[in-house]
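Structures follow.
Here come two complexes built around subunit A, the first alongside subunit B, the second alongside subunit C.
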Partner chain A sequence: MLEIIDLTRSAQYIGAGMAIGFGAIGAAMGEGYAAGMANESLCYRAENSGNVVRNMLVGQAIAESAAIFALIVSLILVFSAPSEQFVLFAWIYISAGLAMGLSAIGSGIGAGLAAGNACQGIVRQPAHSSAIIRTMLIGSALCQDPAIFGMVIAILLLFLDFSTVPLYPGWAAMLGAGLSIGLAAIGPGIGCGLAAREAASGVARNPETNTNTNRMMLVGISIAQSTAIYGFVISLLLLFTGHQENLALTASLGLLGAGLASGFGGIGPGIGEGITAAGALRWIARSSGNTGLLTRSMLVGMAVAESTGIYALIVALLLILVL
Partner chain B sequence: MDINGADFIRALALLGAGLAMGLGAIGPGVGEGFAAGKACEAIGRKPEEAGLLTRTMLVGQAVSESTGIYALVVALLLLFVV
Partner chain C sequence: MDELTSVPQFTLELFGINLVFNTQTIIMTWIVMAALICFGFLATRKAGLIPNPFQVVAEMFVSIFYGFTRDTLGEDLAKKYSPLICSLFMFLLLCNWLGVIPKLAEPTKDLNTPLGLGILGFIIAHYSGIKVKGFANYIKEYFQPIFFMAPLNIISELAKVVSISFRLYGNIMGGAIIILVVSHLVYGLIVPPFLVIFFGLFVGSIQAFVFTMLTLVYISLQVK
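== the complex of A and B ==
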């Protein structure tokens, strides 16, 4: 006969596996891209290898941080004592694992993209390596934001006391909160990386415009992250809206649907806005006189790409607050 | 949990609405962003054609948006009509 502690214990182990399993995908891909770009560019000019390898390692270390967050959450899940009284905690452990693991995917890939093109840029313009490294550090640090949102939700799930929340529909609210930030963080992480990658290349191509390039990169990254913030807000709403006990399946699946809507809905706009920012950044380095025109076009394009993310946010809010 | 037929159908309609809007938002987001990125590159290459390029970008994005709007319509139907 299964006791409650058997359920919560096994949920901790599933959550731990998903946290580090999903969480390892992005960092590994991003670091591999950085190493590949470093090798590819070093074969053209090998005398600069010390500088490039150092930059590659710094970039990879930043990309690794998302996976380290996932490792920490995973270890907390393995070694903390499971709840003995409430089945709801089984869902909380699974959700914490999903929030951390899924949200680390995009950040790892994104930071690696920035590091790779910075290596290439240092080989092309060794004299300007400090400006290139600065852009890479800003860009890849900002790529970690979505993973940090995921970690905040995972930590809230693990350390707050949810024992007064009823199991129905609490299980769906908890699972939805994890899926919302986990999935919504994937796209913005990758999108920020696409923008930061082009910014690093742009500074290498035309170091004189690096102020403009950095400013544009910050604008692009902050807009690309908006859908991760929508996912974060929906997660917080799902965690902290006072849920009344309701045995009907409708109440539960409505909350789960809200998490899935804002979660999946955040992926596309995040990646798309990153591609837009990358296109604008590529040409700001080449024709800096057109910065104003390019900024305007980028913002118009991003606003249209954002629209589906906003539809998803509205559907999620309707599901939580109206129905 | 007590589940009757009407509750079960309504519950899965709500879940379906979330999935429809969530998954339906992925494609337009990526596609419109790609169109806008290419438009920015083209404007950088030929700034004097910015008006034509912006117009073309918006027309292309409007077409790409259509599937996102289908998803929104289906989600709202599932929420409020079915």
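== the complex of A and C ==
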């Protein structure tokens, strides 16, 4: 006979493994890209190597922060005392691990992309390296947003008191909350990185337009993140909607379906809008006179690319609130 | 770790309706407002050709945000909207920085503040859209490209309010949670000041700027 504490303890271990296991994927890839670009650009101007290596290390440190959030969540899972009474907490621990681990993938890759192209830009325009580093810092800090949302959900899952929530359909709501933000954060993290990368290159290409480029990058990245925010909203709804006990399987799987809808629905629009923003940012440095036109066409294009994410949001809301 | 979930509330019963106030948020917002009013008073008290330090900062804010508004909305509308955009940024910046001071908390950490400001921006954007384009043209835009897209267009407009306000809330709340959890794990040694600099000052200023710029962009999408 399996005791409840065995069950929750094992769930903590599985959750901790998934949090840092998934969380390590993206940061490592991003850091590798940054290091590769830094090595490549060193050869062009060996005398700037100190500057490039310093920038590479700073960029990698930011890319790693998503993995560090994952490490914190895993450590909390490993060392905190598991619940002895409620089976629901087993699902909560697994879900916290999924929320943190999956959401760290995109942010790590994205921040690494920005750091890599900033290294290349420093070699191209050594005199303007401080402007390039500033763009990279802002861009890669914004790339961390999806991971921060994932961490908020993971910490809320771990520290809020869910002992009054019934096991059915509570388990599905908790698991859905973790999957919703975890999956939805993957795409926007990568998309933000694609945009930030072009912004860093753009500042290097034409440093005089760096105000314009930075402003456009902020707007582009923030809008590319919106599907991660929809995932975050669905997660919060799943956590805080008062669930009545309902033993029917449909009630539980409906909530799980809501989490899956907004989670998977967020991946594509995030990457797609990132590509749109990257396209606009690639050209703003070359033709800064057309800033207004580029901004408007970028926003319209992004709105269309986002519509599929909004369909997913509608289905998720229907599953939670109506059915 | 109890601070994570505690929301100090105060309930007032008035004519049979329960009004709930989040006391901490309201007090912190008042502190921000008082600081901004003091700043405005100090900056304009002895306005002169040789400016005092407050006047320099105030002139910098006004000229930078007037420039942004003019680039986005054009000369005519900029005179009308730049005070809004500038004060929105200053308010949010101070809100996000307030958590750096011990015992004080960011008002933006409470979802009600960003959501209120998001709805404010939404109403202003749509009001100016109706005013500039006329009501018929404003309604016609919802039926683009085909008439049955109207419900989706309306939902995507509403989704903008959700995304703008939850972005600010999630970031500020996330920063506060990270600082709280890490301080708890390392017993407040060495690491937390760096986290406060990164999440409180750096992320706080970026998010204040992002919120302001998106409000401006949403207004410009409506008026053009």
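A few notes on this one:
We take it that the second predicted complex is superposed on the first by the 323 of 323 C-alpha atoms of A that agree within 3 Å, B and C clash if a C-alpha of one lies under 4 Å from a C-alpha of the other, contacts with A are read in each partner's own complex, and residues count from 1 in each chain.
We take it that a contact is a pair of C-beta atoms (placed from the backbone, for glycine too) under 8 Å apart; a residue touches a chain by one contact, two chains touch by 3 or more.
These numbers were taken from a predicted model, which means no experiment stands behind them.
Subunit B and subunit C, once both complexes are superposed via subunit A, fit side by side.
In the superposition on chain A, A:Gly97 makes contact with neither subunit B nor subunit C. In the superposition on chain A, A:Ser307 makes contact with both subunit B and subunit C.
Comparing subunit C and subunit B on the residues of subunit A they touch gives the larger count to B.
Shared-chain residue A:Gly231: touches no atom of subunit B or subunit C. Shared-chain residue A:Arg282: touches subunit B; no touch with subunit C.
Using the contact criterion defined above for the overlaid structures, shared-chain residue A:Gly268 touches subunit B, although it does not reach subunit C.
Once the two complexes are laid over each other on the shared chain, residue contacts for A:Leu319 go to subunit B alone; subunit C is not touched. In the overlay built on the shared chain, the residue A:Leu293 is in contact with subunit B alone; subunit C does not reach it. In the superposition on chain A, contact is made by A:Leu218 with subunit C only, not with subunit B. Here the smallest spacing between CA atoms of subunit B and those of subunit C, following superposition, is 10 Å. Shared contact residues of subunit A, touching subunit B in one structure and subunit C in the other: 306-307.
Put simply, subunit A touches subunit B in their complex at residues 168, 183, 187, 191, 227, 247-250, 252-254, 256-280, 282-284, 286-287, 290, 293-294, 297-298, 300-302, 304-309, 311-312, 315-316, 318-319, 323.
By the touch criterion given at the top, residues 1-3, 7-8, 10-12, 14-19, 21-41, 43-45, 47, 50, 53-54, 57-58, 61-62, 65, 68-69, 71-72, 75-76, 79 of subunit B touch subunit A in their complex. Within the complex formed with subunit C, the residues of subunit A that make contact are 69, 72, 75-76, 137-138, 141-142, 145, 148-149, 151-152, 155, 159-161, 215, 218-219, 222-223, 225-226, 229-230, 232-233, 291-292, 295-296, 299, 303, 306-307, 310, 313-314. Listing the residues of subunit C that touch subunit A in their complex gives 1, 4-5, 68, 71-72, 152, 155-156, 159, 162-163, 166-167, 170-171, 173-175, 177-178, 181-182, 185, 198, 202-203, 206, 209-210, 213-214, 217, 221, 224.
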